[in-house]
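Below, chain A partners chain B and then partners chain C, in two separate complexes.
Showing the complex of A and B:
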């Protein structure tokens, strides 16, 4: 098992490298590029710009630079961004850090501290703060929304799917099937907009956006906010809960549809197996047959499916966070694209790709653990 | 026998419908090449594979309704803008100011403006009809590009196997690893420039990996089947085997997933435009209508966002039902 996990993790390394290269090329191919954004930002002084350009090994390029030299510059820039090259040095010396070791190595072994490989994702062009910091402070909001929704929709989908499978072709089953088709097809953002109108604008039951009531609390996830949260945890949780309601409802409504179908199909397959018939033939009570024999086996594919859905939580977050003005990673992504904040975009691409890869890995591992029939070595 | 979808060779088609007088399986060489002697068949009712598929499709009532709705939407996209042309400058005078929502954004209550009006007093109905054209074009264009790439890559990988397969599939793995929506948004913003054709290209270039994987799997299983072996044994060329023997049999599942691709391309376009990263604000599409209406929803104009969004939802639901019916008809084995 451990061998399997290690082998699979090693298999992820080339994919991750490709993602790093891809996000770098995407940004370089974009018209303007980071330099133009630095130049256009009035908040930053020329000294700072020069320091940053140097830090990233960004090479001055214009239309007159020969193609070969441009390609060479790309390699240097990528080396700096990735952390192979030390931008403070030039020539072949650039491969070594200030302390003399190879720059790619971790700092403890005499390596440098710049570049993705050392966990340094650069600086946000808009705010001038480290990207890791910008992304990290958005994680709690995304996490709260995504996992509340995930837990709710998975548990509801399991209940609906199992019930529909046991009472196959009943009125309930057909209603669930029909509704899930409809909801599956609804565009998330349109559903969200309509929910905002119904519950936020017309009925005024729930707030239309944001994560907290801004006039009662300090901005979310600041030290002041957590102080207020500590002083009055009940009211703070209730406030977040009220704001959570509509975005969670949107996510749950759309995602329940696909998942309940999945659970139903999996349960149906398991109910028709021989061991279920054997259990019935032994005279076991229906509850035991369904709950112990059929359900447990039906849950195997569901577990994997849920693990595979985790990355979609983050893409789904882009949609919901945008329309509900939720201060999470999705919202940050949209804002960064709008402002062409290259390093934040690259950082987010990387973080999401890592999450996707690890979710796949976890799905495999969990499947191997819960299903003893699977042998991986 | 081995038929998975419709088409295939005329001969292998018959396999499901006709039986030889002795009930014995037909000669493999006959199936692979050459015409089937007519008097060999005991025909109860002569139906080809497509007719059988059509029968199965008709049984799925929601799919038939969905196809009808989709057909109407296509007709609207083609002829709607001619019958109800949209005029950006045809602003209606303000009838009365103030109120919530402001009076010039009429409620959907008149026969002239059944869907109400937007912030310039223009009919939302006409806006919705005119939006159909770009939304549909992008949806279908994306699918054509994605299916072409997907089928080419998938069949190469599946047919030749070995190193080509490994390389292509690693690339597909990688394409599926990069967060799809993120990349679409970045590319639409940086390279899209509001051009529907560029946007379609971007979508097409990002939508194909799932399909390539499906086609590869189909090819892998089909190329081992007896009728392909037989064709190979009689010396049929690779190209002919691919196009005459394998591809027609793989057509069913490909058509099904192509149908579903149209739906997701339409939704993706709407979403990208809704975020203002897609089409120019002056272009008419359902997503753009949602984008410009969003700020007026807070002051009470629900219909401007509702009807174009409803058009998306209706089209996508219709396509999904259609895809489901097609799956029943063309690819019955993939069902539960």
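Showing the complex of A and C:
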């Protein structure tokens, strides 16, 4: 098993590289750029803009640049971001660091210090702060939302799905099926806005957005905030809980729909297997037949399914976070795309890709643990 | 149920006195499906004495498996329905028994071996877990004692190195080995009746003989009664004493193995025997039964077998022969009724190879 994990992790490296290259090129191929903020500003000349771009290791381009040269520029920019190229130098000299060694090498061997392979994700163009810092401060909010929603929706989906499968075609099953189709078809933004309107605006039961009540607390995830949190953990948790309610409800409602169908189908398949009949023929209680023999087998595909849902949640439930003004990674992503904040976008994509690949790996490992038929060595 | 119920079947009563272990009376099992009602089992009666062996023979879809599942009450209702009939086990009607009591009968008093050893064991639990489970439930043994019992029963079905096998998962065993595990599981609680539903169909020929031999030995040793369901007359000849032949949900003929296999009365039985290849018929065409099983939604008027029967004559398309109507009463066929103007009674060459198998 250990060997399998190591082998698979090594296999992830080229995959990750491909993902990163392609997302960088796609991002660059989209029109516009961070220099758009200077557009129409008569005090800033084109020369100044080009110099500004150069400082960000970006290649100035305009509509007249030939397409091949543009793509070439994208690769140069990627090389700078990734750490192969040294953007203080140009031409073939760019492969070498300021100290003269190959730029890809670690600094100790005369390499450069810029780029992902040297552990440097760059700086946010909008804020000027390190990307690692920008992303790190968004993690707690995303984690709170994602974890709460995931635990709730998976457990509710399992209960609903299993119960509906056991009582197939009953009123309960039909109701769950009907509601599932409705919620499955609802766009997240529509549901979210309606929940805000009903529970936030009309009934005023829950706040309409944000993670904390800003007039009572310091900004979320600042040292001052955690100080206040430590001084009054009960009230702070309650405050976050109140803000969590609507976004969690949105995520749960939309995702339960699909997952409960999945659990139901899996359970139905399992319940009709020969071994379930064998268990029944042994005289086992129905609870044991269903809860042990059928459920254990029905959960195998569910494990994989849930593991693969995790990365989407942690890369930020983008729409939900945006609608509820949630200070997480999803909203950071939207804001960065809006501002063409290339290095923050790439940082987020890198994190998402790593989470996705590792969630796959974890799914495989968990599958091997729960299903004795799977052996990886 | 009271003790006043005596076997209706004279044949069985003469052979062994007392109450049968299992007595099925006029059992009907219907399935309500989209296109209508399928009468999978349509009024069958038979009985098994304690320690005796009975074979139920018939082609696919004749209702033999549904009969066994009805006895175990393992059918989903709906779509299944048992509109009439009694299944008396030691005098108690299994059909009207409360669920909780029926549960105690299953696995403990009546155990079942299924056709598909590859899928009948749960893939995510060890063999030992699956055997011990029933023992813990029915005999109230501790986990440790049940585990020992599992090892013991694996040994009893001829599995080598049971201490190691007991910790293995089904996928680590061969098909024959899994069927042995199924048998071990069925016997772990010392049932009084063992129902084997096509226990050798999914196995390859060399293993089939071993498994049949095993079923016969353990049945002999434990003194359990055996109800063997099969479409294979060779298996019947080797394993059981009495036979019931089913066709389209009805019993068409019954009797001892010798009577039924050597002197079949019903044209269907004759057809079944005729369709087995044998040494004596080398070079000849096989005498297969013409046509197919009737559409369950469109049963022929009169005898169900009439459209396929080479001897069919007028009464066959008019009235439905039931077992007991004829003389002798152990066949449901108008050829044998006293009043009928019978053409030629069915004649069939005795199956010498089957005689050999009978010993």
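Definition applied: the second predicted complex is superposed on the first by the 292 of 377 C-alpha atoms of A that agree within 3 Å, B and C clash if a C-alpha of one lies under 4 Å from a C-alpha of the other, contacts with A are read in each partner's own complex, and residues count from 1 in each chain.
Note that in this section contacts are C-beta pairs under 8 Å (C-beta built on N, C-alpha and C of every residue); 3 or more make two chains touch, one makes a residue touch a chain.
Predicted model, so just to flag it, every value in this text is computed and none were measured.
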Check: Do chain B and chain C fit side by side on chain A after the overlay, or clash?
Finding: fit
Next item on the list: Quick one: name whichever of chain B and chain C touches more residues of chain A.
Entry: B
Next item on the list: With the two complexes superposed on chain A, say which partner A:293 touches: chain B (first), chain C (second), both, or neither.
Entry: second
Next item on the list: Please work out whether A:167 is in contact with chain B alone, chain C alone, both, or neither, and reply first, second, both or neither.
Entry: neither
Note to self: In the overlaid three-chain picture, which partner chain does A:273 touch, first (chain B) or second (chain C), both, or neither?
What the structure shows: second
Next item on the list: Please indicate which partner A:373 is in contact with in the superposed arrangement: first for chain B, second for chain C, both, or neither.
Entry: second
Next item on the list: May I ask you to decide whether A:129 touches chain B, chain C, both, or neither, giving the answer as first, second, both or neither?
Entry: neither
Next item on the list: For A:7, select first, second, both or neither according to whether it touches chain B, chain C, the two together, or no partner.
Entry: neither
Next item on the list: Using the superposition on chain A described above, determine whether A:193 touches chain B (first), chain C (second), both, or neither.
Entry: first
Margin query: Quick one: is A:285 in contact with chain B, with chain C, with both, or with neither? Answer first, second, both or neither.
Written below: second
Note to self: In the superposition on the shared chain, how near does any CA atom of chain B get to one of chain C? Answer in angstrom.
What the structure shows: 11
Item checked: Contact set on chain A toward chain C in their complex -> 273-275, 277-285, 293, 296-297, 300, 370-373
Notebook entry, point to check: Which of the residues in chain B come into contact with chain A in the complex?
Noted result: 62, 173-174, 177-183, 185-187, 189-191, 263, 267, 270-271, 274-275, 277, 290, 294, 297-298, 300, 302, 305-306, 309, 312-313, 316-317, 319-321, 324, 336
Notebook entry, point to check: In the complex formed with chain A, which residues of chain C make contact?
Noted result: 72, 74, 103-108, 111-112, 114, 116, 119-126, 133-134, 137-138, 169, 171, 182, 185
Notebook entry, point to check: What residues on chain A touch chain B, complex-wise?
Noted result: 15, 18-19, 22, 26, 29-31, 181-182, 184-190, 193-194, 196-197, 201-202, 208, 265, 268-269, 311, 314-315, 318-319, 322-323, 333-334, 337-338, 340, 345, 348-349, 352-353, 356-357
